[in-house]
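Common to both upcoming complexes is subunit A, partnered first by subunit B, then by subunit C.
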Partner chain A sequence: MLNILFIGLSLSSILLLIALGLAITYGAMGVINMAHGEMVMVGAYVAVLSGIWLDANLLVAIPLAFVVTALLGLAIERVVVRKLYGRMLDTLLATWGVALLIQQAVRLEFGLSFFGVHVEGLGPGLQHVTTPAFLQGTFRLAGVELNAYRTFIILVTAVLATATWWLVYRTAAGMQVRAIIRNPNMAAASGIDVKRVNSMTFAFGSGLAGIAGVLISGIRTVFPDMGPPLVVDGFMVVVTGGVGSLYGTLLSSALLGEINALVAIGTNDILARAVMFAVVILVILIKPNGLFSFKER
Partner chain B sequence: MVLKRRDFLKRSAIASAAMAFPTLTRHSFASEPIKVGALYSQTGGLSVAEKLLANGVLMAISEINATGGVLGRPVEVVVEDGASDPRTFSEKASKLVMRDRVSTVFGCHTSASRKAVLPIFERRDAMLFYQTHYEGFECSRNVIYSGAVPNQQLANYIPWIVEKLGKKKFFIVGSNYVYPREMAKVSKMLIEQAGAEWVADDYLELGHSEWSVTVNKIKESGADVVLSNVVGDSVISFYREYINQGMSHETVPICATVTSEIEIAAMGAEYAVGSYTSFPYFMSIDTPDNTSFIERFRAFVNDPRAVTYHSLEAAYFQVFLWKQAVEKMNDLSASAIREGVRGQSFQAPGGLVTIDADNLHCWLTPRIGRWGSNGQSEVVDAYPAPIKPLPYSAYGETEQSLFCTPAGLDSSRLSG
Partner chain C sequence: MALENKLRLAAYALFFLAVFAAPVFSDEFLLNRLSKYLVYGMLAIAIALTWGYAGVLNLGQGLFFGLGAYMLAMSLKLSSPTSLQQGADQPVPDFMLWNAQPGSPTELCCITPGSFIWLPFQSQWTGLVLGVVLPVLIAGLLGLLVFRKRIAGVFVSIITLALALLVRLVVGDAQPVTNGFNGLTDLGWLTIGGLEFDPYSHATYYLCAATLTFTLIGTRLLVETRAGLILQAARDDQTRARYLGFDVPLYQTFFFLIAAGISGLAGMLYVVVAEFASPTFMDLSFSIAMVIWAAVGGRNSLLGACLGAILISAIETSVSETAALIEAWKAVIGLIFVLVVLFLPRGLAGAAHDLIKRFRHSQPHIAPSSREQRNEVH
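Right, the complex of A and B next:
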């Protein structure tokens, strides 16, 4: 039983990893960022490329991926998203377009393949990342055999979630973000530089996605199309948890991950996914704003 | 990653330039090129695998042209892109057969795309040469199946696992579509015949990459061997999760039917060391024919690290079977090719192959490979000679009682 709970926890932590960045951008800014999955993909490719070109292991790739995807997020915010605040459906379309562009850029090696230049690690093929030796295999804890890499993911996710919570609830910048979540116009009137805070928030959310990508690259295949299914999972968690609520995101990812594991052990993965979506639909029917949304004033 | 992206346009331009040369100097009708089609995904999710197959076909044709073509005429390939989409495959097949008027198309990779183009080939009476190992359960007068059918991958495999590896409890795992489920059907028959049992079978969505639960189930099932019919990129995350959860191919090996040199290269060979695959062809087959084939293929795709595998070999040799059929009949029509290709043999890179006179499938030699740390297999067991393809073995077809006959499918046997 502990075994199943552990698997559920590891599924939850992957959901949370992806949803954390989304919860911030969608919750704080009302931007449906369809390119979030591609940020994860870029993070995964940073891990692949740093393995090939820098001979660096996964741990080095984590800060690297954060920086790369945060900068990419900043650029996207400046060029595309900034013009579309308050137009939620337009951001959906625009960021979806951005997602396609990023996918193609990786697939075509930033266009270099047209000139016959091949960047090892990019391209349409499947890539893999070698996990460091101490993260391979299993170890025993309290009589349960635990998968070392999955434990590592859970720990990193816990650290990231705590850091995010601290930033949002314990710093001045976080207070500005929370003010913008509640009422952007009032926040602006109180002297908060909404544009600047928004672009920083977007960059931070993207950076989290990059870290998620590095961690996922250790257990899954890395390829240009890996993004879209991830973003679906992310939105599922955010919507169930309640937009703009970090606690909600945390709890809904735990809930959905454990449901997935329990149903999958009893039956199979295909049914587990169906049940998970059924639960999401049920939650939205009963509490349209998610489990932990703000009370509107 | 060993797969290298090929600039397809560039190469086909070179190919057509090479082919245009004879046409510039042609003097008589006899040297007019023979047109054939090549229908593979050049774009989309399946393009990684299908471009390699297209390369196999194009390489065979360029070799044929270099040695004087077919019936003294050069062969011209019309390349079409199926775009990883069965409907596009069907449209492009119509285009090839009706507008380009080719009587033969080499192509398709998935069963879905083959099923989508089948009506066109049957209605217009054209021939499709199909190289991928597939689930059987098909009997068309318009398709030459040059890849393995289930009995050619499993007939020796299951008894070998039971007797030589001493395994008694199978856990069958596959992707959730027709091929793995048909393979599982044959496997279960053979497992019971061999005096072993299967403890469970589990299927995951195509492209699924979260294996924690399934590997945990395998762990707790008490199975001592895993039979894997998982396809595509899922294979990679499966093998990695398997090792990461502390499983070992030494004690509970994964025995696969799809995992080839391609997937092994993509997952990292260390995750597959000690696991097995059953295929009629392996890159490691140590014959002068195969060594030369690998060298020529690497030169052709301009990638010194390119790998070869079963479907690629079949994509290559099926073109020569077509050539022999055309030359035997001295006729390009589909009916002539169908007649001429029956019983036709060819010394392929992996050994002798023959098209069966009854069911148009290919006689192949079942082999079992054990994967090593260099990403290559060691052939640990092989039949002494090619065996007869039985596309309906899951439904009880045997050599003595054929379901797929020269007159087409004997459907009375299926219902009975």
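Right, the complex of A and C next:
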């Protein structure tokens, strides 16, 4: 039983890393970023490529993926999202277009495949990333057999979540983000450079998704179409938790990850996902603003 | 305004003329393909109705399409020759025998657990009726629940999306009863009153064309009724519409279920034309594709959305047949989509509308009004 809860916790961790970025961008800017799943995918490919080209392991890929996806996120914010503030549903559609572009860029090896140039690691095929030797196998803790890699996922997430919490609740920049979440117009009137903070927030959220991608690459197959299901899961977490509430995101990712693990043990992965969707629908029907929303003013 | 109405009437007339004249210029292969585009056109109309007129973006429209498709496909599966040749007195789908435990009776009642739900589908009418009734029922129930609780905007999108994905997963998982992710293939032809609808025939094309025509005219008339106007008022300012005493959730639910019915109908037609039903109909990407069609064509225009669907899917199939572009084309679609959202927020129909306006008021002092028009678009 403890083992199942532990697997659930590792699922929750990845969900949390994906959802944190979505929660901040959606809560603060009213942007639904459907290309967020592609950030995870790009992060996973950074792990693949750094294995092939740099002969480096996952640990190196983590900061690398953060930088790559944060820059990519920054570019998307500057080129597309910036022009669409205040048009929430349009951001959903435009970023879906961006997602298609990124998927095809990876599949076509950035278009180089047309010129007969092959970038090893990219393309339509499936990729696998082997975890470093010291993260393979299991170890015993308090009488429970724990998978080393899953423990690693949980630890990395704990560190990143704490760092995010510290950034948002203990720094001046974080206060600006929180001000924007509550009321963007009032924040702008108080002299906060909303555009700049938005860009930074978007980039940071994308970077977290990139790290989630690296972590996923150790347990799942990496392929160009892996993004959409992940962004859907991320949104389910954000909406269930309550938009704009980071604690809500934390708790609902824990809830959904554990539900997923528990049902999957009893039945199978497919039905586990179905049950997760059912729970999300019920939560929205019962509490339309999510489990942990603050009062709108 | 009068000119605008005339132009709109002309556009509709031209469209119907083109649709009904198309068979003269096409072989049966092209005709089959055109039938599919017309079905997609109906889906875009459904999206325009809920998104453009009711302001509710349904990201799970594929659910209603998929349900319509599965209902008819189940009936047509039982009328296919192979289902009759499975050694039972009554037809039994071939995949059920592959999935059945050895020794189970070759009867729909009990060949596999749950196979009894196929029993009513021995009549083709069950499929035909349920294909519309089931989507309408589900949409009605869901709409009442959601709109009564004043759940709005993105939350509705998430609920519909989650429901579509949930059903997709359950259908895919119920392998013995639904043939899982392989979907239902090898179907019989739809037969109404002795007339067989061969998917490559003129009859099938005209069936699609006629249904699309009725849908387009019907929805056009519907949005001009009092109910349609109230709905649009609610879209623009829900609180005000509610304070004026209108039961907004009721109107929203009504239009939501009409759109679901249209989608169910489209699903049935698709099964007749394409001869299969698959869980991928309920995928996120297909539902978003419908939204893309409507957005490119113009979400506030029923005809525009319909044309958007036909246009994009026509370009998509023709370009994807060029071997080098099969993969690149998806990137092009993505790019078109980003550009349309950024620069043509009301789609092609909106652009055409502006063009006509500018043409009429070419005097410089009226020019600012067109800019205002553009700014109020969301």
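We take it that the second predicted complex is superposed on the first by the 297 of 297 C-alpha atoms of A that agree within 3 Å, B and C clash if a C-alpha of one lies under 4 Å from a C-alpha of the other, contacts with A are read in each partner's own complex, and residues count from 1 in each chain.
To be clear about the criterion, a contact is a pair of C-beta atoms (placed from the backbone, for glycine too) under 8 Å apart; a residue touches a chain by one contact, two chains touch by 3 or more.
Note that the structure is a prediction, hence the values are computed from the model and not measured.
A.B. asks: Give one of first, second, both or neither to describe whether A:268 is in contact with subunit B, with subunit C, with both, or with none.
C.D. replies: both
A.B. asks: Between subunit B (first) and subunit C (second), which does A:83 come into contact with in this model arrangement: first, second, both, or neither?
C.D. replies: It touches subunit C, and subunit B stays clear.
A.B. asks: Have a look at where A:100 lands relative to subunit B and subunit C in the superposition and call it first, second, both or neither.
C.D. replies: second
A.B. asks: I'd like to know which partner A:130 touches here: subunit B for first, subunit C for second, both or neither.
C.D. replies: First partner only.
A.B. asks: According to the stated criteria, A:178 is in contact with first (subunit B), second (subunit C), both, or neither; which is it?
C.D. replies: After superposing on A, A:178 lies clear of both subunit B and subunit C.
A.B. asks: Considering only touches as defined above, state whether A:220 meets subunit B (first), subunit C (second), both or neither.
C.D. replies: It touches subunit B, and subunit C stays clear.
A.B. asks: Just subunit B (first), just subunit C (second), both, or neither: which does A:147 touch?
C.D. replies: First partner only, subunit B.
A.B. asks: Of the two partner chains, subunit B (first) and subunit C (second), which one does A:235 touch, if any: first, second, both, or neither?
C.D. replies: second
A.B. asks: Touch check for A:121: first (subunit B), second (subunit C), both, or neither?
C.D. replies: So A:121 only meets subunit B here.
A.B. asks: I'd like to check the shared interface: which positions of subunit A are touched by both subunit B and subunit C across the two complexes?
C.D. replies: 114, 124, 229, 268, 270, 273
A.B. asks: Tell me, which parts of subunit A touch subunit B in their complex?
C.D. replies: Residues 3-4, 7, 10-11, 14, 109, 113-114, 116, 118, 120-121, 123-128, 130-131, 136-138, 145, 147-150, 219-221, 223, 225, 229, 260-261, 264-265, 268-270, 272-273 of subunit A touch subunit B in their complex.
A.B. asks: Show which residues of subunit A lie in contact with subunit C when the two form their complex.
C.D. replies: 32, 80, 83-84, 86-90, 92-94, 96-101, 103-105, 107-108, 111, 114, 124, 228-229, 232, 235-236, 239, 268, 270-271, 273-274, 277-278, 280-281, 284-285, 288
A.B. asks: Across the complex, what residues on subunit B touch subunit A?
C.D. replies: Residues 1, 3-5, 7, 10, 45, 47-48, 176, 202-205, 207-210, 212-214, 216-217, 233-234, 236-237, 240-241, 243-246, 266-268 of subunit B touch subunit A in their complex.
A.B. asks: Inside the complex, what are the residues of subunit C that reach subunit A?
C.D. replies: For this pair, the touching residues of subunit C are 57, 145-146, 149-151, 153-155, 157-159, 161-163, 165-166, 169-170, 172-173, 284-285, 288, 291-292, 295, 324, 327-328, 330-331, 333-338, 341-342, 345, 378.
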